[in-house]
Structures are given as C-alpha cells and as structure tokens.
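Got some structures for you, see below.
Both complexes below contain chain A, partnered by chain B and then by chain C.
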Partner chain A sequence: MHNRLVRVAMIVILLGVLAGCGDQRILEKQGFIYSIGYDWLAKGKSAEGSVPGNKVKKDQLSVTVWLPVVSAESGRQHPLILQTVASTGKEGRFRLAKQTELSLASGQMRTALFNLQLASRGIMPYLDGFMRDPAVSQRLKIVVVDGTANEMLKKEYPSHMNTGPYIDHLLEKEVMNNRVPESTLYSFMRDYMDDGVDSVAPIIKQQGTHIEASGIALFDGDRYISRIDSDQTLIFAFLKGSFKYGEINIDLADQERKGEKAMFSSLAGNSKVKIKTLPGERLYRADISIKIHGILLEYLGDLQLNMESDKERLEKAIAAHINNEAESMVKELQKLGVDSIGIGKHVRNSLSYKEWKNIDWKAVYSNMDIRCNTKVTIQSVGKFEK
Partner chain B sequence: MKEKLYPVHIAILVYMIQTGVVVFSLPRIMAEAFGYNGWLMVPVFTLIAALNIGLIAVVYRLSQGRSVFEILERSLTKIGAYPLYLVLIVVWSLLGCMVAKHYVYIFQTMAFPTMHPMLFKLLIDIVAFLLLIKGVYNISKATMSFFVLTAWMGLLLLFFVPDFEFARLTPFLLKGGTETIRGGLNGYTAFLGYELTLLLFPYVNTKKGFIKAVHAGNLLTGVLYTLYAFVAFGFYSLGQLTAFRFPMLDMLSYIRLPFVERIETLFFGFFFFTVLITIVMYIWASTEALNRMFPKAESKLLAAVLLIVIYGVSWLPDTLSKVEIWLKWLGYGQVIIAIGLPVFLILILLILRRKEQGHA
Partner chain C sequence: MSLLAKWLRPGKDNKNATHDAESIEQQALLEQYPTLKIMQDLFADCADLIHWSWPESQLDMLYFSHLAGNEEFAREISEPFRSIAPDEMEEVLSRSQYKPALDCRSASKGILDGNVCLFHKGSAYLVSVSLPETRSISQSETETSINGPHDGFVESVLINLSLIRRRIRSTRLKALKLQVGEVSKTDVYLLYIDGLANAENVQEMKKRIELVEIDVVHDGNMLVQLIDDHPNSVFPLFQTTERTDAIASKLAGGKIVVVMDGSPSAFSAPSSFFEFFASSDDYYQRWAIGTMTRMLRFIAFVITISFTALYVSVTTFHYEMIPEDLLITITQSRSRVPFPPLYEALLMEITIELLREAGARLPTKIGQTIGIVGGIVIGQAAVQAGLTSNILIIAVASSAIASFVIPSYVMSASIRLIRFGLLLMAGLLGNFGIVMAIAIIFIHLSGLTSLKSSYLTPVAPINLKDWLDIFIRAPFSWIQERPSQTRTPNKRKTRIKQ
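== the complex of A and B ==
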C-alpha cells in the first residue's frame, strides 16, 4: 500500500514536471506588464509611436505599457515603457510585443488606465479581452485618467522611482480611505452586468510632479458620462453603503454658522435604503438613511464641545450639511441618468419579477423621489478640551 | 480474508465520485437554467439524488447483498445480460475518460496552453490505471487521503464574504431562466456518481449503515454544492454569472493571500484529486462489467485494454466545447442508467422472488 501511494505520488509529480518541459516560461525572458494605458487619438492629431510628423489619418488608439525589467548585468530593476498606435486593443498588444525581446505577460497586470476621451466611447471592448484572458487577474484595477495615460506612465516622478507601483499603491490607499471607490475588473463587470446599479471607477490626474486621485468617474453602461469631484467623493461613499476610515472637512457656512469649520476623522458608518411605493407618476420613493460616527479633530467656532448640548448642536449642523450635499449629489446623478449608488437594486428587491421587468428603470429612476436622512455622532473630540 | 468497505469509506467515496468538473460551471448552469436564485435548485437536486438512492436502497434490501451482475445474469441469462453490460461499459468508461479530458482542457486554458492535451490525458490515465488495478478497497483508502487533501478548500469561501451582498440575490425566485429542463438536467449531472454504489454491494462490510453512508456522501456533496452556488450568486450579478464559462474558477482567481495572489492554478491542481476519483470509479465500474463478460481474463489486462481503447476514443473530441457536448450526452445517458437500472433490478428481483415463492 505504501509503495503504491509513493508510486502514485511520483506519477503526479512527473505529470507536473513533464508538462513544464512543453510550455517553458523563463522568468528572465518574461516582461510582466504592470500597467497598461489606453488613449484615444482623434483624427488629425499627431501621435507618438507613429512616424514623426505623420498625422493620424483615422481615429485610433494609443496603447502604452509600463513594466519593470531587471537587467541581467547589474541586477538592477528599471522601468520599461512601450507605446504603439493601433486600431484595437489586441492589435496594440501585438505591436507592442514586437518592440521588445521579452515575451509580454499579463499575469501581473495591476492597473488598466483609460483616458477620458476613450472612456466616454466605451471601455467594454478592452474589458472583454481582459475577461477572456485567463492570465488577467480579476483584481485588475480599472482607472480613468484625466489627461493621457501615455504621459502619465512615461513621466518620471522624482520621489517615486516606479510609476506602475506608485499608481497602484496610491489607489489602494485612496480606496482604503474611501476617497475613491474600489473598481476592479470583477466589480466593474459585476455592476456593468447588473440591471440595478451602474459602474464607477476612480479618476487620477497628473499634477506637476505627482499623481493624485481627482474624483470618481460615473459610467452609464461602459461609457463614461460624468464625474464627482474629489471634495465630494466621501459623500458618495456615505451614499454607497457601509464605510470605514476617511475624513472630511466641513464648512458650516450653509448652516448659518459662518466661519465655522470642523474636521471630522476616523469616520465609519453605513447607509440603508428603503423603498416605498407611491401613488401617481413618481411610483417610488427612496429613503436613504446615513449613519456616521467619528472623531472631531479640529473645530473652529463658538460652541463649547465639552458641553453635551453644544456637541449635539454641532452634530445636527454637521448632519444637516452632509444631508444637503448628499441630496444634491443624488439629484445630480438622477439628472445624469446614472444609478451609481445602486438604488435600482433596492427597488428591484421591493418588486415582483414581473413588475421589475415591466418598468423602464432609467426613466423611473430619473423621476424618483429620493431623500436622505443623515445622523451624525461625534464619538470624541480628541484628547484636548477647551 | 478480503478487506471490506466501511460506511465512512462509502460516504467519502460517494462524495468524491460526485464532485467532478461540473462543479466549476455549476453556478452558471443554475443561473442560466433557473435565473435569479437558481442556487435554490441545488438542494432540490440533492433531494432528487436522495430519492434515487432510495431506489438503490430497495435493490440492496431485495438483493441481500448479492452482486448486481449476479441478479441480472440469473434472470436474463449470461448472454441476455451482455448487451446491457456493453451499454454500461460504453457509457461509464467514456464518461470517465471525457471527465479526464474536460479537466485537461480547463487546465490548459489556465496553464500550458501549447502542450498536447493528450499527453496530459495519458499521464492521468496512467495514474488512474495504477489505482484501478489495486481494487476498490485500496481505491477507497486513497480516496480518504485525497479527501483530506481537498476538504479544506471549502474554507476558501470565506474570502468572498466581504464582497457578498444579499441585495444582489434579489427576492425573485427562479425567474428569468432559459431552457430550464435541459439546463436543469445538465446541472443534475453534477450529482451523478452515487449510482456506482450499485456495484459495491459485494464489497460492503456490514449490512447496516451502507445506504445511510451513501446518503451521507450525497448530503455532503449537496451541502457543499449549495454553499458554492449560494456564495457565487451573492458575489456575482446574475448577468455576470451567465457570462462566465467556469464561474468557480474565476472565483478562485479572485482569492488573494497576504503573501501571494493568482494561485488558482494551484487550487485547480488540488481538484485533480476529486476528479481522479471520479475517473477511476467510472472506469472501475466498467471493468467490473467487462470482467463479467470475460471472467477468465486477467482483470489487470482488461483494465489496460479498456484504458487503451478509450484513450483512442478520447482523441475524437478535440476542443473544449466538443468535449462538453460529449459529456452532456453521456451525462443524460447516465441519468437514465442511474434511475433505470435500479428500477429494472427491482422488477427483476420481485419477479425472481415470486418465482422462488412459487417453487416453494
């Protein structure tokens, strides 16, 4: 029995080893793409990668890849940036492969960048390729670039040696702090193929010598429609569901507390959506109740925060401020006709299958009565009281 | 004394035969066939399989532990039983061999795409042959260790808890499915394998507990399948689920450990053990039948010849989708066998019994 198990184990090992002889992948000969960027080239513009001075004759695509390469002589790592012009994403990959002695592999790809012009034409053709390729990770980050992906990847940032990991880590941190929503190939496709929610993705922008997350891209299907600016992104996180971490600066001028400012940190909380059926044309009403708690780290104003009554007044003022912002964001989203928060999921869940299939969701959504109700709790005011 | 199988062996064996390659596409099949909350049909299928096992239980009780082949030969005579044997051999051996090829093709979509698939298939067949010639008792012992090697994988489901959303499940029950019957039948093939316990009668140790063990194995499969499907339905949106060929594989590729990610190839490798048992047991079943036809021949030789013949046949379907079509039809055939054979046996046993009573 023992011998037999050994024999079976040997065969299993042999299976692995022999198979390796057929499909060799030598690490030094692989170029692991870390970031890939797609830019739209409108007709008539000159593009890098094409013959200098030649104008693009038709609408085309510029594909840029960023990959780390370890040189055999020095053992040091340096970035390799390749760029080409093509009419489809796959053709681009094909052309890029011709530019290097390495075989390009997409197994370690972390970020896929699409510039705004391209994103507004739809990114599904590119995502389709990613979905089919079993080498591409489901965790590939889908990112929109304000500017061009090519310039962003090509530029050297003095304090960041490696642009690829720089973008990747920046996004991870921003997602963690709820300044931008997480958008991976998995989550983008999930929402794209769900009938009750629209996809979102972070927008990043090159600002002088650094890159920053500059907002949230709102998609209708696979097309970029509009954006939420970076100072509003936390409000979006509040609306979207449960959240942890994050900080927000609040100017209470709109709450008749001119000149009063508060910095609210270590935020956590959640939002819940309730749907009511209404008589008449508007059909449904959504009540979004948002609960937030956090630590007040800075406050400029007249209230005495060591007094419970004043603290409550401040809580109410902050809640009213956030509520206003949230409601106007929802109105804006309704006007744009994108359900990025996912109200549709809740409406769908309050209906029967037949009712849901019979309504024109987009039209109903734009016309819906959506209200927010925010409750803020100041957990502590820091370790200093005046 | 010949070693015999204990209930725990049987239970694990049944689970391991049932768990095969279909599990990777199961959530998609359920989504396509039944639409929203299609995972709910998985427990229903478990129940259907349990009813089918009920038929086997009746056969077991009536046969009093005699081999199924003996029963068939007593009523149909040896020559009369041969055509039936032939059908069983063809369906079972081809099923085993197509499961192997399916596994190879799926593996190749992830790794080693330019290797010749038949080389992989050959290696799997060699492993299967080595297990096969040691008899069912040793196969079941190997199954126990393979079970330990793969059972922990259920814990991987915990990785999907953060992205799981109940709102995504929707309250719609089984709405929006297409081709419900055909798709449902396809999904049911994921449960096949329990019917092979018909052949285990002579190898069972105690009279008690055998059928309970088969039920336990089926229940374990059912519970795990339900969990997989449930998690998949809350992790993916329905539209997405119907678009994936192998949603379970995509789920595996989403797993990231703090020190490594993209380890689905490794995880998929672990599934080889459950697939191997499926393959081995189907081919074991056909060699059992073959042995009845050629009782004088060396059983190792028969196994070798059978494996060589089906290796030849398995060259025929040369793409993943062709293999899937073969598997689909073989699966339908197997569903008929799984239900038809016990019913047929019960009829024979009842007739035999009446005859015996008449004589007495």
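== the complex of A and C ==
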C-alpha cells in the first residue's frame, strides 16, 4: 500500500511536470509550408534572394515557400512568402528557417512545384527528401511549373487571396475532370520505382491574372522529357485507364463535313490493353481498346441525331477521330521513349519474370506495334429531341 | 508518507481490543431480564424516550413517541388500557400482539424499532406501534424516465420491498434479511429469484455482506464500496439504481439485488461495464430507437474521454492531422492564447467541473444563475479575454455534455475522472499518450471482476448472444437468453423450472 501510493503520486506529479517537455510542436508556433517551389538558377543569371546585383556564380537553386500565417495581434490570416538561394533543397529549408520566427513545418505541405529547367535535370533529390520526412504527406502533389515557381507563388492574384490553396484546389478539380492525371508523391514514386511505367505530372502556367493547367509533363525516370498539351490531355486519360468524368470538344471538320463540331460530356469509360506475342523482330503487339460513353451536349452539323442511323454514324465519326488522336499520341510517346501509359506493365504481366528481365524494354517499346480501337456510345443527346 | 499509509490501513488489532472491552460490560447487562429500572438505565439521557405510568394498574411503558403512529398507538395502547380493571390486565396482555420480552437485548431493540415496552408486575411485553415517517413514492431525481414507470425507491426498505414484490409476484422471489453496521444495525435485504440466480453468487454476496465491519452504513452506494471486488478501482462494479423497473428486470435476468434500509439506491450484481450504458427507457421505445440511443451513449463515452485530449495532442504535437479547412480556424483561435494547449485545456476542464459541482449542490433557482453566469463567463468572456480558444470551448463543452448522456451517475463521474488522466497523457506524449492511456484503462478494466465474473462480459469472455441486449437493443423476440454473466442455471428466457 505504501509503495503503491508513493508510486501513484509520483506518476501523477511527473505527468503534470513533464507535460510540456519533449518534442512539442504547438500549433500557433508553426509555420505550415503550404506550397514549396524549386527553381533552377543557371550560372550567370541574377536572381532574387541573392545579394542584389550579384550574378549567380554557379548553378544554384532558388527555394520559395508559401505559407499561411495568423498574426497574434489581429487574429487575421495572411500569406507569407519566403525565398532563398541554396545549392541543395535541404540547405534551402535551413536558410528559409532563419527568416521567420515560426518553425517551418512540412506536415501540411500540399503542393511541391518544380520549374521546367529543374525538372529536366531530375527531381529525385527533392522527392527523396520528402520521402524521408515522415511528416510529409504521401498525398503531396508533384507539379511542374512552366515559368518559375517563385514568380507564381509571389504574384498576387486579384480573385484569390491565397495562392497556395488556389493552386491546390485548381489541380484537385482538374484531376477530377480527368484533364490532368493525379500525381501525388505516392503515385509519382510508385511509377518511378515500377519498371513498366513512367511517371507523369501536371504542368501549370501563370497566365496574366490566373493560373491554368496547361498540360501533362512526361518523365523519364525523374527527368522531364516532354509534354502533352492541354487539348490532348483527355486522350491521354482515355489511354491511361478507366475514367469517370470528363468533357471533350471534338472538331470533326474535314473535307466532307464542314464546320461539324461536337461537345461530348459526362464521359465515362475504360481502356483495356491486350498483349500479343509476335514472331520476328517486333516481339509484341499491344491492342488498346477504349470504350467511351457519354452525353452529347452540343452538336453543330447536318446529322439528325434522333435517327438511330445518324447517331451511329456520328458515334463512328467520333470514335475514328479519337482513335486517330490516340494512335498519334502513342506514336509520339514511343518516339520519345517514355512509357507514360504503362504498356510495360501489361507486357510484364504477360511474361515470366525471367523473360521480362531479359528483354531491353526501352528498345522493345519504341519499336512495338501499338494499336488503338475506340468504341463510342452516345447515351443521350440531351433533354429533348426534335 | 508512512503516517499516511498507516492512516489508510485500518489498525485491526486496536479496534478489536476496544470493541471487546466495551462489550463485556454491555453484554452482561443485555443478558438480564428486562425491568423498568434496567431499561431506564440503558436509555439514560435519552430525553425523547417517553415513560408513562399507571400506578393503580401497576403498568409502566417506555417508547419513542416519534416512532409511533397515532392510530396504531390508540389501537394497541390507549383503547385497551384506558378503562381497565387491574384484574383484567393479565387477560389483555396475553393477546397475541403483546409479545413477552425475555432479555434486555430484545427489549431495547424493540423500543428502537418502534415498539412500546410494557412492564407489568415484573414482566415485560413488546407491542408494535411503529409507523416511521417516510417520503412518499416519487420519481427518482437522478434517473428520470420519459416513457416508463415513474416510481422510484424511497428510504424505507419495507416500502421498497413492497414495490419490488408488486412487480414480481412470485413465490420464488426470495429475500434474505441481513444486518450491517455495528452501531447503526441497518437492515439489508438480499433478493434473488430462486432458480434463476446462481446459488454460489447468492452465498458469496451473503458472505460479503455479513463480513462488513463498519459502524454505520448510510446508503446503498456506500455499501457497494464495502463489498465489491476492487474497492480501489474508479469504476463502479455493482450497478446502483433507484428505479424499480430496472431492479425487477435485473432480478428476472438472474442477478442478485440488495436493498438497504435508509437508502433509495438498490444495487444489483454481478454487473458488467457495458450495463452502465443501458437505461430502462431503451426498452420502452421501438427497438430501432432504443438501439440508436444505446449506441449514442457509447459514442458519448468516446467523446467524453477523448475530445479534449485529442484537441491537446493535435494542437501540441500533431498539426499534420488537422484538415486544411480547419487549420487556419484553429490557428486563429489559438493565436491569442497565452498558455500551452494542455494548461489551457486543464483550466477549462476544471472550470466546467467547478460549475457542475456548484450547480449540483445548489437549489434549482440559484443553480440556474450559476449556469447562466458560468455559460457567459466560459462561453464568451474567456475567449474574448484571450484566455482560451473557441475550439477548445467546443471540445470541453461537448465532452461535458457527452458525459451527462451516460445514464448512470456513478459511471459518468468515474469517466469524468479518467478523462483527466487522458488529458495529461495527451499533453505529455500526444496521440501516443492517448493510446497508452486508453490501453491502460482497458488493461485495468479487463482485470476487474464483479462478483467474481469478468467486468468486461460479454466482450471478454466473448458472448455474441449477449451483445443483442448490450450494444444494441434487439427486438424482444431475438433476446432469448438471460445474460451469461449471471451464470444462471436457466439460460433460456420465459422458463423458470429446470
């Protein structure tokens, strides 16, 4: 009884006294980095953040962070943008931390922006740092900036007080609409590590007073190689796999049909890849069958859509159009040598591990015969029919 | 420290010694045949004892007028002895209601129980005229019901027994009469239904009550602490209630019920932790509604113990967990607060407890004032003065409200106490601390027993059939068995014979 009482009393006292020690991160003393941007500074250029007038002597990195801060006096929230020049990402964080009374915390980071120049030199060193830090969310979005991340974060957009959430929400919506692929730290690293697929990331660009998603960045390993423009991104989504929502404008105009246009909405569908082994040099053939169904919102042309036969003709025309675009995109990807669609995964799955290891996938891929086969179903042509 | 320990451990040898010395003298006195002289000596300095004497008929009587009912006194004493000839006296006294008292012990006990002690020519007789003043049967203040019966137990054990007997009209309802309290000699009745209650349980409970060593027991809740399996645990191990319908259903489930004179709280045993979250009202609603309310109480339990602790751990350690939209709001409300989250939370929790305690003891009208003052002070002034954050107020208030959802007042008080442990652990180690504290609670709970059966029944040991009447309130046709915890010889409901 004696011992027990003493012990219990000690524990209670210790709990009271010790509370407050240890690795505390009290909320209002943290500066939550919302967006972090990395820009490449080539030798000889002058950069903000370095000593004014001085030229950068060696290749360096500009690190910019955007964070929401609440001022203790007014209780209001305002954005805080910090920028520094460093030779590595970690050094950048270290220098940034000196510029504020808050301790910089990366546990609420939503977007990591890399400018094109930096991305084409490889982003793995930075992603590696994110992966090591347990506080960084796996859902951190990896984004490529056309321009500089610094300018994008620093600029004030008249209709958006907070640039960080603006970029984040914009991307979330674009992903929902299948206009850009989802690219989180997790999915990027997964595709990076996987040997049958290459990573992709959205590209955003500052356009006057707003930011827009301007395409898809194609990576070879961790290096940016090329891009898919924004009007082609839905085709990429068709090729990539199942999708639940999207809108596409199709211009069917050619010699026969002048000014025929269709706006196809509420798209849903999936694509399947079948691999066939061929004799001879070209080893494998991939058949991508894409199935799309949706609602025709707008149609400018001569066909009478309430007639079944005309509807079928339009379906076929749209399918042919999409098929065309898809095949040319695949060709383009093959030429670049990046397997962003993930054909390699399907090839690998059709082989034994030993066989897969024995082939030189990059070489096989660029020579492969890949065909697309698109089927389009128009579910409805609108609320009323003539 | 050693003094404290000594004070906590009752010195058994000492107590027995004085007790014996006292009793040897008394014992001798009590063994004697009662005479007016001896009885008057026994009750020396009892100013409220009435001595009435008729010298012409050689009749003396001793009694407490405040224990006697007017009608009974008139019937048994005034009328028969008013105009009586001295030679008729023997004949009157030989009637059955006048019981001869053979020693001082029974005579004095009789007087204390509300009898009149008559002395005639050296013989002593007792006649009962008792009608103790009692509160009329009314609704229990702590366990009100919306739909069900409104009668609650009162302080008189006989009335309570009659309330139970009226609900269970069976010869199998047995009542063992026991006594507790060296000084108070309080009557305690142990009730069980023969054939439903486990006989070992009955014997065990009887033994425990008989072995209680204490001067006075004032209430059922006090007796529970003297006889339960783990007196040092914060959790109540036997369920106390003032509701007659609850007690009747416990008896029918094969449990043992103890009612005590002078206390409106009866208790049933064995009880499981989860039973404290059930209310009889659940059975008077449609089963879906009853189930919903019952689940709501378990949610309330989680909210009570964890809400404030989570606030502390998240704002102190785990800012990553806060959703984006809440982050700025919480930071804004925290930004003006001068204390670390733990002290902020302790301040508010203690204030709420102060308010609750102040409100509980005060008369209703002043209690309302306290509520309003407290509500304004806590709700607005504290935030405006920058002492606490809005979000914390919401956390503290919702966990306080949730704690009142739990129908058993005793359990709700226990839970409010362990909440502070969680709070401290959260301030010390964050979520890890919360998990640790919850683990400690569960380790403790799973070590507890109620009348030698596991306190966590029917979760450990698991019994899925019992869940129908513990976690949900299943339709009556589904609940076919009595609770396994009672180890009843008759598992199947609606059957009493073996």
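Definition applied: the second predicted complex is superposed on the first by the 362 of 386 C-alpha atoms of A that agree within 3 Å, B and C clash if a C-alpha of one lies under 4 Å from a C-alpha of the other, contacts with A are read in each partner's own complex, and residues count from 1 in each chain.
In this section, a residue touches a chain if its C-beta (ideal position, glycine included) is under 8 Å from a C-beta of that chain, and two chains touch if they have at least 3 such contacts.
Fair warning: this is a prediction, and the values are worked out from it, not measured in the lab.
Enquirer: Tell me which partner A:G107 touches in the superposition: chain B (first), chain C (second), both or neither.
Expert: both
Enquirer: Between chain B and chain C, whom does A:K98 touch in the aligned arrangement: first, second, both, or neither?
Expert: In the superposed model, A:K98 contacts neither chain B nor chain C.
Enquirer: Tell me the contact category for A:Q77 with respect to chain B and chain C: first, second, both or neither.
Expert: Touch partner of A:Q77: chain C, not chain B.
Enquirer: Once chain A of both complexes is superposed, is A:R348 in touch with chain B (first), chain C (second), both, or neither?
Expert: first
Enquirer: Touch check for A:P68: first (chain B), second (chain C), both, or neither?
Expert: Second partner only.
Enquirer: Quick check for you: in the superposed arrangement, does A:L5 touch first (chain B), second (chain C), both or neither?
Expert: both
Enquirer: If you stack the two complexes on chain A, which partner ends up touching A:Q138: first (chain B), second (chain C), both, or neither?
Expert: first
Enquirer: So which bits of chain A does chain B touch that chain C touches too?
Expert: 1, 5, 12, 15, 18-19, 22-23, 107-108, 137
Enquirer: What residues of chain B sit close enough to touch chain A in their complex?
Expert: 36, 109-116, 119-120, 123-124, 126-127, 130-131, 134, 138, 141-142, 145, 163, 167-168, 170-172, 175-176, 236-240, 243, 249-250, 253-254, 256, 261-262, 272
Enquirer: If we count contacts the way the header does, which residues on chain C are in touch with chain A in the complex?
Expert: 1-2, 4-5, 8-9, 314-320, 322, 324, 327-328, 330-332, 334-337, 340-342, 424-425, 427-429
Enquirer: Chain C touches which residues of chain A in the complex?
Expert: Going by the criterion above, the answer is residues 1-2, 5-6, 12, 15-16, 18-28, 30, 32, 68, 70-72, 75-77, 105, 107-108, 110, 135, 137, 165.
Enquirer: Can you list the chain A residues touching chain B in their complex?
Expert: Touching chain B from chain A are residues 1, 4-5, 7-8, 11-12, 14-15, 18-19, 22-23, 107-108, 131, 134, 137-139, 186-187, 189-191, 193-195, 342, 345-346, 348-349, 352-353, 356.
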